[in-house]
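Please find the structures below.
Okay, so subunit A shows up in both of these, paired with subunit B first and subunit C after.
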Partner chain A sequence: MALAERVQSRREGSPWTGLWAVVAKEMADHLTSARMRILEFLILLTAGGTVYVAMQQIRSAGISEQFVYLRLFTLAQDPLPALVGFLVFLVPLIAIALGFDAVNGEFNRKTLSRILSQPIYRDALLMGKFLAGLFTLALVFTAIWLLIFGMGMIGLGVAPGSEDVGRLLWFLLATVFYGGIWLALAQMFSVVFRQPATAALASIAVWLFFTVFWEILAGLLAQALHPIQFGLAQEILGQAQLQMTLERFSPNTLYAESMVALLNPTVRSLGLVLPSQLQGAILGTPLPLSQSLLLIWPHLTGLIAVTILIFALSYVLFQRQEIRA
Partner chain B sequence: MRDVIVTRDLTKRYGNFTAVDNLNLTVRQGEVFGLLGPNGAGKTTTILMILGLTEPTSGQIEVLGYDPTRQPLTVKSRVGYLPDQVGFYDELTALENLHYIARLNGLNGKNADTRLQAALEKVGLQAVAHKRVGTFSRGMRQRLGVAEVLLKQPEIIIMDEPTQGLDPEGAREFLQLVQSLKEEGITILLSSHLLHQVQAICDRVGLFNRGRMELVGTVDELARKVLGRAYRVIVEVDEITPELTETLKAVPGAVDVHPLEGNRLAVEAAGEIRHEVAQAIVQSGRRLLGLYMEAQNLDEIYAHYFKEVEHGAR
Partner chain C sequence: MKRLVALLMSLLLIFSLGVSIQPAHAQDTAPLKLTTTYPGVVVGLNEGVSFDLKVSVSDAPRIVKLEVTQLPEGWTATLRGGGKTIQSVYVEPGKEVSVDLRLDQPKEVQSGTFNVLVTASADGLKAQLPLQVTVKEKQPARLTLSTDLPTIKGGPTSTFSYDVTLKNEGDEDMIVSLSASAPAGFQVTFRLGAQDVTSFPNNARETKRLTVRAEPYVQLEAGTYPLKVTVQSGEVQASLDLNAEVTGQPTLSLTAPDGRLSAQVRSGRETPLKLVVRNTGTAPARGIKLSSSEPNGWKVAFEPESIEELAAGEEVTVTVKVKPADNALAGDYMLTLRAAPTGSSTKSADFRITVLTSTLWGLVGIVLIAVAVGVVLLAVMRFGRR
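The block that comes next holds the complex of A and B.
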């Protein structure tokens, strides 16, 4: 952010002048756009379907444990994956859809020079668009969460426990942060590429890379950097640990692990578990929420840090850009 | 008269290419200043630097006493800008588009509404205020652009190629609108590559070529400086004789006389000599069939001047 600071310290006036005007306009755009209707329909269908199936299973199996609401998110029945399985795809998709034409769209409509000739800084436009996307994500997923709670209350006939609600709220937060990364990425590509289609494609390429290839690559990298020469347990362990560290560079891994820790209270540790670490632990007893949160704290901060990093990069790129058509 | 825009040795380079080269421009309060030159001359670059939308490579700018590179918000809240390509959000109505701009300018509530209505009225678009901008013609968009600029009640309006893409009638109407803004005391800086179209409304013009502006002044001043004449009197007579040509050349103030097609002659002059020309024709015994004075044509001045510059450079 050195460049950003230098630019700002030389300039008079708040960089956030006009920010909320931008946020309001962009959110109104998002919420009324046809694109959003399609996505809302898609996610409603997914949530409705998976939660319904999960509910059937809960009823037929007669599950009546403490964390039954968490099960609504995680229970799958072939061939339908659980809701959480869908979220890993849907969240990036929606986030990318909200951001890929943020800046180049203004440019192509020839509105950019008009907007930037108003008494605002470019900061306000970029940040406003990001926040509007993030708030829209939050709004949509909050609505879905509420819908699921509603379905649960009607279908299961029990109210969610406070632990359920707490865990699901944190999961909601993690989901929005996870979306934030893809939103920031799509927005960055919308600064870099003049064509919205190119920006969308680039964002999807990055997402595919982390979804499909990163795990394989992390495995290969770990093998190359930490080869097993003598077959010692230490070596095997070291390699596995390296692979996991590498995998955690993927936002998908960070999100998936947060999801596991939050929705499965019995998970006591993420990643490799050594027998020595389990000594004294009573397997199967759920962790309190605060302990689970401690487990994923690095993950959440990681998600936010990456978002900020990508946003800062797009900020620098945008500052340098010529705005003329 | 106060100088509202002043640039000193303003320069913009893109790599090795100099788009604007040591520009010294002064625009005075209340005037219409025309920045004229062919495509690629550096007009848009100059305008963007004046608004603080592009960083100058070197040199200084003062707009209403503020520095647009350091105080862009102040400058942009007092200076309206109509870009060369005016785009709106097509799916929103005219009013909604203006509303957004009003909010970006910190205008809210009743104050904003009054200004919105006044601006739409000024440009004659109140009837279509609730129509989506997607249905607007190029001319209507241009006027909506002016309405948007008027929202902030600017002291200066900068227009980049405002008549481009308008049909002759539309361009004429638009220039009338510009004239009426000037009468309200707003200083106007406009750029154009169509010299003849805007010369009529410009108090002063600056001729721009390849990033340099070497000629500034009223059209008459430039004509005198470049062509050696400010007026051209065209006369039609029954017959052109060598004596008549000699007589006309001898009229005080006449610079040159040359025949045109038909029985017409052009008398180039440094001053207003219509009366003297008429007298000379009648006294020489010829019949005067017609006489009129041609306004100066910037295109001619421009072509002439830059031909000279190029010759000089060689």
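The block that comes next holds the complex of A and C.
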């Protein structure tokens, strides 16, 4: 008890002292690492290719609509999917690559004790590593975002409208936090597993599960939990509703749906729409940005909240861990 | 007595024989013949007349001399053939030669019957042709305009169309021109057949059926508008009075006070909109019923629900309470509002209603993030600073 009190008394001051030093150091490491270069090259290639193709299509088809910049992100031409299609699986890969050896890498290099011997709490270390990863992601995506805007301005010769910019800024935010989830997850595995390879594999496994299997599983689960016995419309509706709800547990679905709502202003609903709800509706008219945001607000806040919660979990795990080895 | 009877009988016999034989004999055997198809004509004052004379011989080719031997005083006669003035013709047997005789009246001629005698002579043969010209005074030129329906009723924008008969009562062909004087706001056109005309030939004694169309190009007040149609040819003219009786008609228009037919409405919440019902017509509108066709599940209420009477040029502001369905999706919807007066056409206006969904769930999302941050803070408080 006395020891505990002594320990307690030593724990004073802000737990975040030295946080920004860690962030700066970690970002410097990230941005100069060979791993990052490869990923940057990959994403640059995809962005350049898809946007170029989209631009060609816009110009040849003479598309002149209100939201031409949004079309840069969403136009696809076989065999190349649209940029957003790539982002759904590229973003997790980058995030995992940034986070899978955050803690266990330090541990294995025996540098963790050395860092913690500095006047830095573990809190600041983990938080700093996470924020550095998030900032790196944000930096990379912002750079690509600006690059696409620049290409658009040169290629299309139209200035983007405020609605375009607003929607794409929110899209950027969603992308960063979609990456944030996978970053926090990879960091958690790096706390849990001592081997970086195991942590990477575990993260990839989760990613694969949500990318490939969860949709199938959601369908099967919905069928099992909400079987269609009499073929009533209500039953079919209920099952579809359940399947949709289950699918939304996947961050991929959340991100994909928020992209659809943000980049396609004419989308009015992401759920099931009854024909009666569309009676009298003027179809094809764009929603104002605020309404599109309301539509994906649960998705967006979900992505952010899950990112924070996974971070909290890894924080608790890290704090309780024995690191003197 | 018996002798007398016998003499008469024989005379009759000879005469009848002579009659029966004579025409054939005369026709076939008269060595020189001068004929015309219509030896008697009627002409107007100061009008020339021409006869088509035919000369023929039966036995041998001859040169026939033609002469007008009897002519009323002051008249001139000209014989023409082959484009020249002639005196004689050369005729072969079995062939008929046509000669044109033209008679011109003197200037101060009186009406009456005049005799003309044409004589043809050749080698001692002689043929005469008496002609008769009756000069008659002509009917004075006169035009009449008439219609069966001089007054037509119509709405403030309808076209008034009158069937008018124009008759040239004189004996002269004339070219008539039409004109009309109408009150301001009317455009009058004349239609003959299917074409708009202002001037056309109308022959002597000819009747033409015209359509006079008066088209208002502004909305007319109720009342009677006189139209005057005049037809003129030289000094001759005739006119006809027509009436267009315009009855008033209410015309409604639906707008918003600021003219903007769009509004933003929160789903599940009642929002009042202003609707302006205006009578732009020329008669009061009565018993205007307001109705709407709205998307499923929406509630639309009017206040007031109906308007008793709306005088011409007046307007009334109606409050429309729109409540979208609770589960309405965000976006634009079409809301049609209607005003139906009794005895006139319904007017409708389409409102574009933008449905906004509640921001309540946005707050829930913020709370969710706050909870997540709270969890981190709790963890820091419990496990922090190691």
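Please note the rule applied: the second predicted complex is superposed on the first by the 313 of 325 C-alpha atoms of A that agree within 3 Å, B and C clash if a C-alpha of one lies under 4 Å from a C-alpha of the other, contacts with A are read in each partner's own complex, and residues count from 1 in each chain.
In this section, a residue touches a chain if its C-beta (ideal position, glycine included) is under 8 Å from a C-beta of that chain, and two chains touch if they have at least 3 such contacts.
Every value quoted in this text rests on a predicted model; they were computed, and no experiment measured them.
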Handout entry: Partner chain(s) touched by A:298 [first = subunit B, second = subunit C, both, neither]
Key = second
Practice task
Using the superposition on chain A described above, determine whether A:121 touches subunit B (first), subunit C (second), both, or neither.
Solution key: both
Practice task
Return first, second, both or neither, reflecting whether A:226 touches subunit B, subunit C, both chains, or no partner chain.
Solution key: neither
Practice task
May I ask you to name which of subunit B and subunit C touches more residues of subunit A?
Solution key: C
Practice task
Could you say whether A:18 touches subunit B, subunit C, both of them, or neither, answering first, second, both or neither?
Solution key: first
Handout entry: Touching both subunit B and subunit C, residues of subunit A
Key = 11-13, 121
Practice task
In the complex, go through subunit C and note every residue touching subunit A.
Solution key: 293-298, 325, 327-335, 352, 354, 356-357, 359, 361-362, 364-366, 368-369, 371-373, 375-376, 379-380, 383-386
Problem - Residue ranges of subunit A touching subunit C (in the complex, touch as defined) - result: 11-13, 15, 121-123, 268-269, 273, 276-282, 285, 287-288, 290-291, 294-295, 297-298, 300-302, 304-306, 308-309, 311-312, 315-316, 319-320
Exercise for the section: Report the residues of subunit B in contact with subunit A in the complex, numbered from low to high. Expected result: 44, 48, 51, 53-54, 70-74, 76-77, 80-81, 83-90, 100-101, 103-106, 145, 148, 152
Practice task
Flag every residue of subunit A that touches subunit B in the complex, lowest number first.
Solution key: 10-13, 17-18, 21-22, 24-25, 109-111, 113-121, 322-325
